[in-house]
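In the two complexes below, chain A is the common chain; its partner is chain B in one and chain C in the other.
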Partner chain A sequence: MKVTVNTLLSMDGFSPVAIADGEAQIEGVYIGDLLSWVMGRANAGDAWITIMSNINILAVATLSDVACIILAEGVQLEEEVKTAAQQKGINVISSDMSAYHIAAALSKAL
Partner chain B sequence: MKEISLNILDIAKNSTKAKATLTTITINETEDTLTLIIGDNGCGMDEETVKNVSNPFYTTRTTRKVGMGIPLLKLSAEQTGGSFEIKSKPQDEFPTEHGTVVTAVFNKKHIDFTPLGDVTSSIVTLIQGDPQVDFLFTHNKPQGTVSLDTRELREVLGEVPLDTFEVIMWITDNLNEQYNEVNAQ
Partner chain C sequence: MSEQVIFTFDVDGDDFTSAGQASSQVKRNLRQLGIAPDIIKRVSIAMYEGEINMVIHAGGGTANVAVTEEYIEIVLSDQGPGIKDITQAMQEGFSTAPDDVRSLGFGAGMGLPNMKRYTDYMDIQSQVDVGTTITMRVNLPS
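And then the complex of A and B:
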């Protein structure tokens, strides 16, 4: 089944923070918070789950071409970062769930 | 970065790109803090550029939209409750005394402090990558100091380039020996 950012948003426990392309397809999942590590390992089309929220996450998302960033455990973005995400066209979703439960939900959907 | 030594590699490469002939890498360690200072005599940056380099979407390269060396170093330092600063004197305004100094202070006792890692291998990689540039490396630890000045090596080596296999091996062994001595104190 084709899973897009919009599919994820229609599931329980996920809400939009900044959505540029809801039709972006999610092909895999990557979990990580050490940005330099994520930069070399997340694949294009992944949903990247993290608890980091500074502006650098947007650069990492751009470089690795992930489908979306999922902020776990209720992490919020500062207004400035949210605006930058909209400007750069990066999909950001938030969830109160832990990285494990988000990944488990995605695993069922994918 | 997983280790600060990888940050050193990333930042010092910027100095070579700025056409520095001397890059100074200093690590000052106390019981509680680690201060990393990377300075060069390269072309420097104007005020506007200095303001922008911490922005991950800014880069002087044309091939990539974002440059992550500086933003990641700033993040790793600030994550430990430390600080980060860049000072620069552009060549067109300061014809005789130009260059850039990057200073990052880490709080070693903070739980998010990343280990220093293999500094010897970072220094050797830098010398190998740009053997025409001089490097002055100093690591002040509470127990003692490890240092290397490629200008002194050049005086002894004459025309022999720094990236000659035997020279690189000597530098590696020499730094490792110095570290062993200091760490045994």
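And then the complex of A and C:
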């Protein structure tokens, strides 16, 4: 089944923070908070689950071509970062679930 | 004679949050040139790590990216404090970054090793109290 950012948003427990391309396809999952590590190892099309919320996550998402950033554990973005995500066309989703539970939900869907 | 395309950027040292602008721009430029995605990823990651280093340690600097027929070359120059012990700096996990940088998800001592990992050639010229110049190349398929 084709899973897109919109598919994820239609599932329980996920809400939009900044959505530029809801039809972006999610092909895998990567979990990590150490930006240098994520940049090198996340694959294009991954949903990247993190608890980091500073503006540098946008550069990392752009460079690694992930389908979306999923903020776990109810982490919020500051208004400035949210605006920058919209400007850069990066999909950001938030969830109150832990990284594990988000990944488990995605694992069922993918 | 091979034709070269050159991009030049100033990396702002005062604004940690703006790091990544040059590498994101290079990524777009390389896409327009039709460079393969895996090559673009390696170039932009290596360059972003370099940008972050210049912001954290050196108060900014300049980045030059040249595209030749054989390779893409990134030259990062700063007039920061220099690297005392390059061998030590190249070790994964070694970092002199302050705690506030670590809380942003950087400073884990992976910057220089990542730059080496993602490029085919890397040279560091550094002098304490004078500055650092790093040259990296990613080969293009012939």
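The rule is short, and it goes like this: the second predicted complex is superposed on the first by the 110 of 110 C-alpha atoms of A that agree within 3 Å, B and C clash if a C-alpha of one lies under 4 Å from a C-alpha of the other, contacts with A are read in each partner's own complex, and residues count from 1 in each chain.
Here is the rule we go by: a residue touches a chain if its C-beta (ideal position, glycine included) is under 8 Å from a C-beta of that chain, and two chains touch if they have at least 3 such contacts.
Quick caveat, the model's predicted, so the values are computed rather than measured.
When the two structures are aligned on the shared chain, A:37 is found in touch with chain B and with chain C. When the shared chain is aligned, no partner comes close enough to touch A:100: not chain B, not chain C.
Of the two partner chains, chain B and chain C are each touched by A:56.
Which of chain B and chain C touches more residues of chain A: that partner is C. Taken together, the two complexes place residues 34-37, 39, 54-56, 58-60, 62-63, 88 of chain A in contact with chain B and also with chain C.
By the touch criterion stated above, chain A contacts chain B in their complex at residues 34-37, 39, 54-56, 58-60, 62-63, 84, 88.
Those residues of chain C that touch chain A in the complex are listed here as 16-17, 19-21, 23-24, 27, 37, 41, 44-45, 48-49, 52, 104-106, 108, 110-111, 114, 117-118. By the touch rule above, chain A contacts chain C in their complex via residues 33-37, 39-40, 44, 52, 54-60, 62-65, 88. Of all residues in chain B, those touching chain A in their complex are 1-2, 6, 55-57, 64-66, 68, 71-72, 75.
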